[in-house]
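Here subunit A shows up in two complexes: once beside subunit B, once beside subunit C.
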Partner chain A sequence: MEEPAADNYSLKVLIADDSNSDRLILKTLLIRLGHDVVEASDGLEAIARFEDSTPDIVLLDALMPRMDGMETARQIKVLAGERMVPVIFLTSLSDTDALARCLEAGGDGFLSKPYNRLMIKAQVHAFNRMRLMHQTLTEQRDLIGERNRQLMEEQEVAKRVFDNVAHTGCLDAANIRYHASPLSIFNGDVLFASPRPAGGMLVFIGDFTGHGLPAAIGAMPVAEIFYGMASKGFDGADILKEINQKLKRILPSSMFCCGAMIEADFKLNQLLLWNGGLPDGWLIRASGEREILPSRHLPLGIRSADQFDAEMDVISAIPGDRLLMMTDGVLESRNSGNDLFGETGIARALDAGGRQQHPFDAVMGGIRRFTGLQGGNDDLTLLCLEMVDEAGFATLSDRSIPSALPGPAEWHCIYELREHTLNTFSPLPLLLHICMEVPGLRRKSGEVYTLLTELYSNALEHGVLNLPTEWKRTPEGFERYYQERERRLRQVDGHFIRFGLYHSLQSTGGRLRIICEDSGTGFDFQSHLACAVDGSPTTARNYGGRGLLLLKRLSKSLVFHNQGNCVEIVYDWHSSEISSNLVESQS
Partner chain B sequence: MSIQTHRGDDGLSLVISIDGRFDFSTHQAFRNAYEHSDPDIQKYIVDLSETTYLDSSALGMLLLLRDYAGGDNACISIENCNNDVRRILSISNFEQLFTIR
Partner chain C sequence: MKNKPHLDEEALAELRDVMEGEFKLLIQTFISDSLERIASLKAALNAGDANAFCNMVHSLKGSSINIGAPRLGTICQAAEMAGKAQELNQASILLIAIETEFQIVSDRLRALLI
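For the complex of A and B:
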């Protein structure tokens, strides 16, 4: 009776049979096969033994006093719970109804009397295999469950870290509506928005290839670059270049980020858009007209810096115009018939919404109706940005954390840009940075930036490039203006723009004097000023192109020198003052 | 899904055909298709005539092939795409990187 080594395992087997002789035969056979045996002479006793000895396999006689095998099997299965304990009926029954009832009661198989040693060995072996397989599955399921719980916990922590880096910025602004899953970062979707120091805002919506950790890791530097550069006054194109270069460097070549950068300028009533690999953007005019804004660029992280095209499309847009941008999860939403929502879904939803419904609500409603999911798909991001009146839009300045250092008080610097650098480099972030070293000016970053921006764009566009402001008054001229600006910038020759910044302390605060001189021919500032100062709305608008009104309002004084190609402004800040007089002057 | 390769008529090009869905599950097979090809291959043709679907990970795989085939100097054409597949390639402006026919 030597057993092969492979079968050398020992099980605890419960035998319940009211026949003492049958029980003894079976017990002897099982002990010879190397198993431990627990005995019971009826169903009730079997349940008691099951509870106190937790056997691996139960062998039950079908017909027993006090409680029969079927009821016993039922109760044992309940007691075993998730544990797989094979219950094998010992029977001389040949009635198929009775056999079927044994299986329905929870039985896993039969051993027929009289016993055959080989059959018992094979059956116990087979049921043990099943028991072990079930045990392995249960363990693996529990392990997967536990791992998944850990993963979710880790994601939750990672998300908190990410939220600190990629905080929602100004996504809470009144002119923005959006939908993004709380854990969208692990779907590879990102959505950032930041006010610009001189007003207006920048929004970035992106979709990384892949899911989970790799996508989330790629999103971190994008958030850092976006918020860091946006707050320093860099424009959308510069930020795109930086993001592209960073992603090209850190991502494996099979990974990239489809994205769109939106720069909204509420002063000039224009949108700048760069779409690389995202679905079409939809511009819904206040008039109800719709324009499609397709992707014109490769996604971010594919092209090297020298081949990357960051040129943004200039779109004239008035208050009430709304821009819809989305990740491909919107188009890939599916209904129960597995059809795609697609572009036609968007168009239909917008049609259904008509003029009354907000396009964001129309599209979200369309997706919900289409998919039948109340919460919508979790793997999509949808954004709607509305153009607003600048006056109604409070820039979110004064957010910077004050520095503990006193900073410089008495200083001046001259910064001159020349030749083709005028085409390729904006000095504004640098100049703003220099001014922001003065704590008293830091609270006024919006105003200082506006002053620098207006002076610079005057000097560049009207001084160096000699572009007429009148063009910007009609939609056709508007486009011509920007095309011509591009063209003349590429050919700029023999020109300069020189900034002089002078700062000194005064009894109540400080004074910043900015002198901006360009190599252009100047202009007839006498008559322009006369018009601007008389202040009627029409003239103010006509000369708004030169930003003179804004400069005059923000500064203490504004003086032209030479032929109008040199502007000097004086800007005072007061240590007692906290609130921004920009907002006051606009209301 | 299956990936087949064969030599083009000129003997210098490798034709990779993708049957069914071109997505992450084809990653290994797609890599094997070009990494185990003859070193004298100069041109790659990705034949998508039997491809029903293409996702962003497939775009990533095409970029890997492009790197393998010499980056900016790679000679790769993507051929016979159906409208859905072509649309996905054009949203991402991949015609700037590949010849798409």
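For the complex of A and C:
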């Protein structure tokens, strides 16, 4: 035999035949082949035997008293349910109609009389093979079903963990509209938004190659890096560099992340955008004008750190201007005719929406009309960010969870930047990070960040680089200012900026003293301060009025030392305050 | 139908080989079952029940073929067709032929057991 096991197996075979002599012959033949035999002399008895002995194969005479073979076959097939029990008709029927009726009743084959030993053996063998194949299929189907259930369960758990890491940040802000599937993470789509400590916001929209868990796994570190760095005050470009480097290191080469970083600055009325591999962004001006913002970079996770270009495009944008960004799923939405929605679909939807309709609603509506799906395609992410007036923009909680540790209370540190490092490195995230170790200061991150930023930019631009503020008053001067800034930054030999941070506890809270000293020549702070405190427009030689006023307002005291190149600020925090932020103190 | 033998010697030899010690039981079972069937066939004809006649003569045909009595099987086949065609006269003529052939077959089968 071609199958060695074939001769060794033993089946339980039910024989139903009203002819005693025929049954005797068949039974003897089957026993000689090594099978167990259960006998019945009519259809009703066959069903009873089928139920109490669960045979593997049934051999049925077509014509029997009480219940004929066809009805018996029908009932046996019902009783067998999902189990495949071959039913073979024993017949001397010659008319084809009768044979066809046997098959329709659920019969799987025939054995004709006179019985032939070899035919019986071959038939039983063939039907047993079919029975085993069916059994295997059923088992594998059940196994796949079970695996699928497990997978869904795992995805549910993974999603819960992911939602905690990659929360939606400040996506609920009034100036953001977005669509993302609840399970978008398993489509590889991510969408994060975070307020910046000194105002404004950062948004990241991304689309990983691939689907399912592998795509979701890549999204986890991106979320960690984005929220971690954004809350520490890093800018979009720095975060992009970090994300790119991380993805390049951890992802297999076939996997990467198309993405866009948006940095919205409501103070300067500008948008910074980096688009690496996502579809074109659309800037819809308050005036109704549209600008296309195409991808100018490779996706994240492809280039090595030294080849990666994180430079963001600067776009001036006033309140009411809206930026639309999307993942591939938007363009790849299909209608019933299998046509793509594409960029023409977006243009058409925006045209149809006119000036009245919000561009987000216009595009979502366009997709729904196009696909005919009310819920829309769930494999797409669409974001619309609107520029707003700084004053009207309520600062958002960044959902950062207070550390369980008490943190340091009594400490000080000196941090000095020297030489060409002044040109290449910003100490602000690090300094903010040191201050944020104090739980009482963590709630004041916006104010502390603003103090550090203003002190640093004053020390660098007006102290070390000795750039005059007046230049910034005219458009030509503005350009000259930044050209000169670039030039002088390359000539910082012998220069330094030194930060001294001192923290101690007080009965009502704590005190942070910041001393910022630079290697510049200083300035006439006496006359400048007088003007600044008056609130009259400052004409001081070196200091930008706004920065100094802000420092004055946020701190308990502001003192200049030496010839004006050393500034000391005292900043108190109170344990009774539950929350406070920059916007409240300004309004 | 006359050209078929009363008994298929080759088939019977194989049956004897397969059945071993139960060959005798098989022959006895066939003879007693067939006698019963022939009696029932008569009753069906008397009652004019062509359908019952057909079913029973069909069964007799099957077991005759299996036991190695091809001529008896062929006569049963003709009787079954007559029954299907509702030709009860023809059927009763063939039933007499069945009885005659069965007598010959059963004598010869019994002879095999001695």
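FYI, the second predicted complex is superposed on the first by the 398 of 587 C-alpha atoms of A that agree within 3 Å, B and C clash if a C-alpha of one lies under 4 Å from a C-alpha of the other, contacts with A are read in each partner's own complex, and residues count from 1 in each chain.
We adopt the following convention: a contact is a pair of C-beta atoms (placed from the backbone, for glycine too) under 8 Å apart; a residue touches a chain by one contact, two chains touch by 3 or more.
All values derive from a computational prediction rather than experimental measurement.
J.: Should the superposition on subunit A be reported as showing a clash between subunit B and subunit C, or a fit?
T.: Once subunit A is superposed (C-alpha atoms), there is room for both subunit B and subunit C without a clash.
J.: In the superposed arrangement, does A:L63 touch subunit B (first), subunit C (second), both or neither?
T.: second
J.: A:K113 in the overlay: touching subunit B, subunit C, both, or neither? Say first, second, both or neither.
T.: Second partner only, subunit C.
J.: Can A:W282 be said to touch subunit B (first), subunit C (second), both, or neither?
T.: It touches nothing on subunit B or subunit C.
J.: Output check: A:N20 vs subunit B and subunit C. Expected answer is one of first, second, both, neither. What do you get?
T.: After superposition on chain A, A:N20 lies in contact with subunit C alone.
J.: For A:L29, select first, second, both or neither according to whether it touches subunit B, subunit C, the two together, or no partner.
T.: A:L29 sits against subunit C, while subunit B stays out of touch.
J.: Identify the partner contact of A:F89: answer first if only subunit B is touched, second if only subunit C is, both if each is, neither if none is.
T.: neither
J.: What is the minimum C-alpha distance, in Å, between subunit B and subunit C after the two complexes are superposed on chain A?
T.: Shortest inter-chain C-alpha distance (subunit B to subunit C): 58 Å.
J.: Would you mind writing out the residues of subunit C in touch with subunit A in their complex?
T.: Subunit C reaches subunit A through residues 11, 14-15, 18-19, 22, 25-26, 29-30, 33, 55, 58-59, 61-63, 65-68.
J.: Help me check something: in the complex, which residues belonging to subunit A touch subunit B?
T.: Touching subunit B: residues 209-210, 253-256, 258, 276-279, 294-299, 302, 307, 328 of subunit A.
J.: Please output the residues of subunit B touching subunit A within their complex, sorted ascending.
T.: 56-57, 59-61, 63-64, 66-67, 72, 91-94, 96-97
J.: Given the complex with subunit C, which residues does subunit A contribute to the contact?
T.: 18-22, 24-25, 28-29, 32, 61, 63, 91-92, 113-115, 117
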